[in-house]
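Letters A, B, C, D and E name the chains as they come in the text, with residue numbers starting at 1 for each one.
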Amino acid sequence: MLISDLPVLQVVIPLAAAPVCLLLRNPRHAWACALIASWLVLAIALMLVQRVHAVGTLSYAIGAWVAPWGIEYRIDMAGALMVLVVAIIGALVMPFARRSIEHEILEKCTGLFYTCYLLCLCGLLGMVVTGDAFNLFVFLEISSLSSYVLISLGSRRRALTAAYQYLIMGTIGATFILIGVGLLYMMTGTLNMVDLSQRLPEVANTRTIMAAFAFVTVGVSIKLALFPLHQWLPNAYTDAPSVVSAFIAATATKVGVYVLLRFFFTVFGMQFSFDAMHVGEILMLLAVAGILIASLVAVFQDNVKRMLAYSSVAQIGYIILGISMASAAGVSAGMIHLFNHAMIKGALFLAIGCIFLRLGSAELRDMHGLARHMPWTMAAFVAGGLSLIGIPLTSGFISKWYLASAALSGGYWPLVVLILASSLIGLIYMWRVVEVAYFHVPGTMMHKVREAPAVMLIPTWLLIGINLYVGMDASLITDITRQGAEILIGEALQ
Amino acid sequence: METVIYILSWIFLLGGAIFLLVGAIGILRFPDFYTRLHAVSVCDTMGAGLVLAGLMLQGGFSLVTVKLLLIFYFMIFTGPTAVHALAQAALQGKLKPVVDEHEQQ
Amino acid sequence: MSPELTVLACVALPLLAPALITALHRWPNPRETATLLTSGCLFLLVYSLHDDVLRGSRPAIDLAEPLPGLKIGFEVEPLGMLFALLASFLWIVTSVYSIGYLRSHHEWRQTSYYSYFAVALGSAMGIAFAGNMFTLFVFYELLTLSTYPLVTHAGDDNAREGGRMYLGYLLGTSIILLLLALVWTWSLTGTLDFRAGGILEGVVTPGVAGILLVLYIFGIGKAAVMPFHLWLPAAMVAPTPVSALLHAVAVVKAGVFTVLKVVIYIFGIDFLANIPVTQWLMYVAAATILLAAIVALRQDNLKLRLAWSTISQLSYIVMCALLVTPLGIVGGGMHIVMHGFAKITLFFCAGAILTATHKTRISELNGIGRHMPWTMAAFTVGALSMIGIPPTAGFISKWYILLGAIETREAVAAGVIIMSTLLNAAYFLPIVYVAFFRTPNDTLESMPGHNTRDTDGEAPPLVVLALTVTAAGTLALFFLPDLPLDLMLQLSGGSP
Amino acid sequence: MEILIDTILLVLLMITGFSIVRMRSLLAATMLTSIYSLLSASLFVVLDAVDVALTEAAIGAGISTILLLATIALTTDREKPPQRTPMLPLIVVIITGMALIYGTLDMPHFGNPQAPVHLHVAPAYLHDTPGEIGIPNVVTSVLASYRGYDTLGELAVIFTAGAGVLTLLGYRTRGGNSMDPGIRKLLILRVIGKLFFPLILLFALYVQFHGDYGPGGGFQAGVIFATGFILYALAFGLGNAQRLIPHQLLRIMVAFGMLLYIGVGIESMLLGGKFLEYNVLADDPVSGQHLGIILIELGVGITVASVMLMIYYVFRSRQPEGDL
Amino acid sequence: MSGLLGLYNYWIVIILMMTGFYAVIARPNLIKQIIGLFIFQTSVFILFISMANIEGGTAPIIKEGIRLYSNPLPHVLILTAIVVSLATTALGLALVVRIKEAYGTINEDNIHVQDEED
């Protein structure tokens, strides 16, 4: 096995680890297996980023069958960034998971939990690196099915309905994607994305391709919870086990956004997507509505996880807003926010996971005076919250800055104001938690509450650390996203 | 010779189709579960058998005929068994047969 | 230590101090010693820089570059030097005061109090020495966030309410307006560095510059120009030392300091003089001066009256800046210092009265001057300075402001200064009168259940010491205004 | 002729579909669903997709129906009349349908040999399969080799479903020798079951290994294999079936099939090829392909069979003892 | 076939798809939704297989003397999709069973009512 096999290995390792996990009787062993796999994936992801940086886009023909006859893995800078996001979150969530999972789900399910987690990881990675439209569907289903299971493991019975709702909406979305891919195939005879992009211009003005575009867009939008197709998300994030909320919130929707990017820019081409189909205007409208409405709804939530979930819907709005500008600056800003938001939300949900471990609840009313008993956890939460609001020296600021300047250079004046003003709504809902945790008098139950264990705090703070580092020095990440955006836009211009 | 076999096979096929049709009408027309089951089981076994026989005649001595024979073998076992199971289940479910009220009196 | 490193140390020292303070949280005396030591060292460090600056050197250091073209970097120039000197000196005094105040009030969470105080000071240093607008913005926000726990120190519903308003106004204006202005400026010019003569001239049309100026002036919520001033009275829920140093000096002065910086180094005085909006904004500031003074007249709560007075005085400085003349800038810079000393004295006094008598209302202060002669003497000095009567420091800054107004033939500005002087007198002198000349009525001696030990006499000695020092400073600055004046003159590049 | 059958089948499908939506009894709806699936399988045969037809019949009409029935047994078979007005869904459906119909307007016509799908990529499969893979069933060659990675993904999906169902419903062991009393009465069923059980397994093996030459392959075989055991479990009770194939064994088999598939991929990597490049497995590329395809089909068969059986076990073990 | 008749097949398939889709989104009964999903997906399979068809072709199993085969690629894709659909159905049904145990009903409206009460 050589360096050149890395693109496929990073997907195959979790895939192979999953059945091994199933075989292991002892949950601890299963955990160790999942841990090793996800760390290996992170190592590979880092190597991949470095390689893509060095040699440019990587292509790997699986089974040595060259595209378009075989399935191709294709990693460019944008893909490498996504792989990195998924791998970082996956690797950091795992050490956290053991204590949290032991506490939140039944013991007999823990081994299976890690199996499903690995499958989800594998599915998400596969979606990112694949260069084949149908293979995308297959891996989408792997990640979706496993995430339904993961979500259903939440301790309340509402987790079941949340998972079911997600299953129905997710399957509708996936079927829409399947229809879209089918129509594309019908008109071009190929499934390979690059091949598709070369053959599409000939038939671009047919009604079939327009329908295909619509179906793919709607299908992916369901997966990434674009307003108003987000109904599954708040329930799913609220009732899933904390680890799952953190993992899925930070990765699944982001991968969805990435898939949308792939389709818009690589497959259909920018000209078709934005000039012919006017998707930019539609997305911008939906993004703005999503940002405002979801943020406002978040303010009125009493469950912190639900609040964060609505905030996720709003934040996805920011990412889409960047993309909808259809400029290199906008797409790059969207991708920066994609990375940053993954880290922020991951950290916030992990912090909530720590709280859940000690409190057994994520309701605001149970958190009175929590900061005195769990100072480190709450400090992480506040740091993540500040980042979400976009205070300078945090990663959130970087993304807001880029988004605002992209909007400015695109001449979208009201958007700049909106971006800045809506971060204030973020301030309101984050501060509700801060006030309760720092200023309310602790209840009697609170005396037993201790700080979360170090194995859970360290991953949380590592994510916060990434946030702060990006806030201090964003050059690395902006470099990557700039290259990624250029490749996406550049391909479209060819 | 071929023409004879051809005509014969069509007679079988059509005959089978008629049986199946009759069975279907029976399902619709008969008054209760047991009689409907009766109609469908009897007619189906015969109809399907005839259709298979017709097809075998068309297939001649080939692998296809062997496969058809196998199907026939399966059919004659599974059909009655299924119907039996259904009737048994209905009986267990306390489903009363509809009886002509005049006779009962 | 090279000047560059000193600059860095000036910012880093108070930011790192909380580590030491927290480590010592079990032992109050060493903990307070740590605070005092830090503040003392900080002042010495800052002071050691002033020679260089007066000689014309501009120590600068860059730390990081979060975004291309946006650096976290420091550069010392006269105005920042002045602000840093003021803040670091008054920190020493306030620390002394705090020790006396907090101990006599048996406040909770003293460790976190001192820690956040140090962070706030560090942020103020960062603002003072910021080498570009981005760095300034970063520390501006850090200052808001680090003072939030201090404002809400009491932890009750009142404090939370005040804190909400504080955070809402300051973060709101800074994120929506100021950040917008920054992004815009950056996208127009590609830089946010402070440069002599500004960075906008020749890049933007006067119309756009006008909008930008509006965004900047109102975006800097800490300058409390109406209508973004309500946070300041709300912040009065904080313990008095916090109000004294932060809401009379560090935070609000950071606001007007930023305004001055923007006017001088982002727009440039010459460029700004040609924008019609400047004058209109000046009128807004003038209106703020008068309106806030009128509101102050009606306040019975001493701290609130002081807060409204601060709003009024801050707009002096904003108005100075918007006079866009070198003399006005000198006046504004001087007023930062002079008002700082006077106002901190007044707040110290208010705190001392609270400590000694548990009184917050002016109407309850009849005859208090007899019980607390030192305190009320200091209060009188502060009040005189606020009005601008010699021999107090306030006179000097007012003099320059008036000169600036006359130089630019701004009758409105000059008129407003005169008017507000009268109003100042109207809301401060009655307090002095009440304290010294009215006979104490029922309240002081006969309050039931009152601890007689506290009522008779002065506040704790540390408190009195602190307020005496600042009052003395107010007087001293009248006679020896050289240091601030030299710095400001160097900035404006000419003789008065 | 084909068009006639095609049309009739489509009309039947429509009728079935509408009836399913209207039907209030879930049991009846399930049976109609099974018929729907069978009809579409027939349609697939007419449309020359024999492999798909076999799979659809086995999975759609077979396993899915069994699962639906098991679920209904655990829940309820009556559907309450809906209380909400179905206007919004109707609008959504109509819009979606119109969008699709709009999309069809520029489609190549049904069966048109000049359609892009028949000109690009696919001809290469048909042309190169005999030379590169050396088996006549092109579907198998594409499935197992050209797009073998999709199939791995598909296996992972099934594996996920197995793990998921196991996680959700858990597994309860059933007392060893007990036979459902309901079944004990059905002597005929037991006799027939015993008769057919080996035949079904034999057929499954045929489908498994004949997949290279005719319709069939690991998926279909796995499902049929599972069906055989399900029949056994129906006739002789769950307890006896579990003694035949214990749950633990299933668990191992599920994992083993996956690992076998991935192992073939890794092995080809170790031998210096790409992932799933069977050419390197033997000296001669074509026999390497043969070997690879047989191995991965085996992996697929094992995992699919055991996952199906496991899901069935899990569903059945939820039922109270003695309930059919 | 020519003219609109050439699309007739697709139109029926679309109607079938929409029938299933309607059952998913309009019916409150969870099992009915799963059945709807199943029909929706199966109809999509028919769409794919329809496009693979070629006039006068046979099943894509190479035999001497036959030149026209239907397109094997959609067949492969749909084999995969069928399995995916089964996996979804199985998981969905498992969830339905759990929901029934937790809520005592499989009617979405009733479940919402209970969720509100929580």
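Here is the rule we use: a contact is a pair of C-beta atoms (placed from the backbone, for glycine too) under 8 Å apart; a residue touches a chain by one contact, two chains touch by 3 or more.
It should be emphasised that the depicted structure is a prediction, and the values quoted were computed from it without experimental measurement.
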| item | value |
| --- | --- |
| For subunit B and subunit D, chains touching each | none |
| Between subunit A and subunit D, the fewest steps along chains that touch one another | 1 |
| Third chains touching both subunit D and subunit C | A |
| Central chain (distance from its CA mean to the mean of all protein CA atoms) | A |
| Which of A-E and D-E has more C-beta contact pairs | D-E |
| Reference subunit C; chain at largest CA-centroid distance | B |
| CA centroid of subunit C to CA centroid of subunit E, Å | 70 |
| Cα-centroid distance, subunit A relative to subunit E, in whole angstrom | 28 |
| Distance from the mean Cα position of subunit C to that of subunit A, given in whole angstrom | 44 |
| Rounded Å distance between subunit B and subunit C, as computed from the means of their C-alpha atoms | 99 |
| Residue list for subunit E, restricted to those that touch at least two other chains | 17, 21, 25, 51, 73-74, 77, 80, 84, 87-88, 91, 95-96, 98 |
| Junction residues of subunit B - those touching two or more other chains | none |
| Sites on subunit A at which at least two other chains make contact | 134, 138, 141, 145, 148-149, 152, 179, 185-186, 191 |
| Interchain contacts, given as pairs of chains that touch | A-C, A-D, A-E, B-D, D-E |
| In the complex, subunit E residues that touch subunit D | 1-2, 6-23, 25-29, 31-32, 34-36, 38-39, 42-43, 45-46, 49-63, 68-80, 82-91, 93-98, 100, 106-107, 109 |
| Residue numbers on subunit E that touch subunit A, as the complex places them | 17, 21, 24-25, 30, 33, 37, 40-41, 44, 47-48, 51, 73-74, 77, 80-81, 84, 87-88, 91-92, 95-96, 98-99, 102-103, 111, 115, 118 |
| Contact set on subunit D toward subunit E in their complex | 3, 6-7, 10-11, 13-14, 17-18, 20-21, 26, 29-30, 33, 36-37, 40, 43-44, 47-52, 55-56, 59-60, 63-64, 67-68, 70-72, 74-76, 79-80, 82-84, 86, 89-90, 92-94, 96-97, 100-101, 104-105, 107, 109-113, 115, 117-118, 121-122, 125-126, 129-130, 136-139, 142-143, 147, 150-151, 153-154, 157-158, 160-161, 164-165, 168-169, 213-215, 219, 304, 311, 314-315, 318 |
| Contacting residues of subunit B [partner subunit D, same complex] | 74, 77-78, 81, 84-85, 88-89, 92 |
| List of subunit A residues in touch with subunit D within their complex | 1, 5, 8-9, 12, 15-16, 18-20, 22-23, 60-65, 68-71, 108-109, 112-113, 115-116, 119, 122-123, 126, 132, 134-135, 138-139, 141-142, 145-146, 148-149, 152-153, 179, 183, 185-191, 199, 203, 206-212, 214-215 |
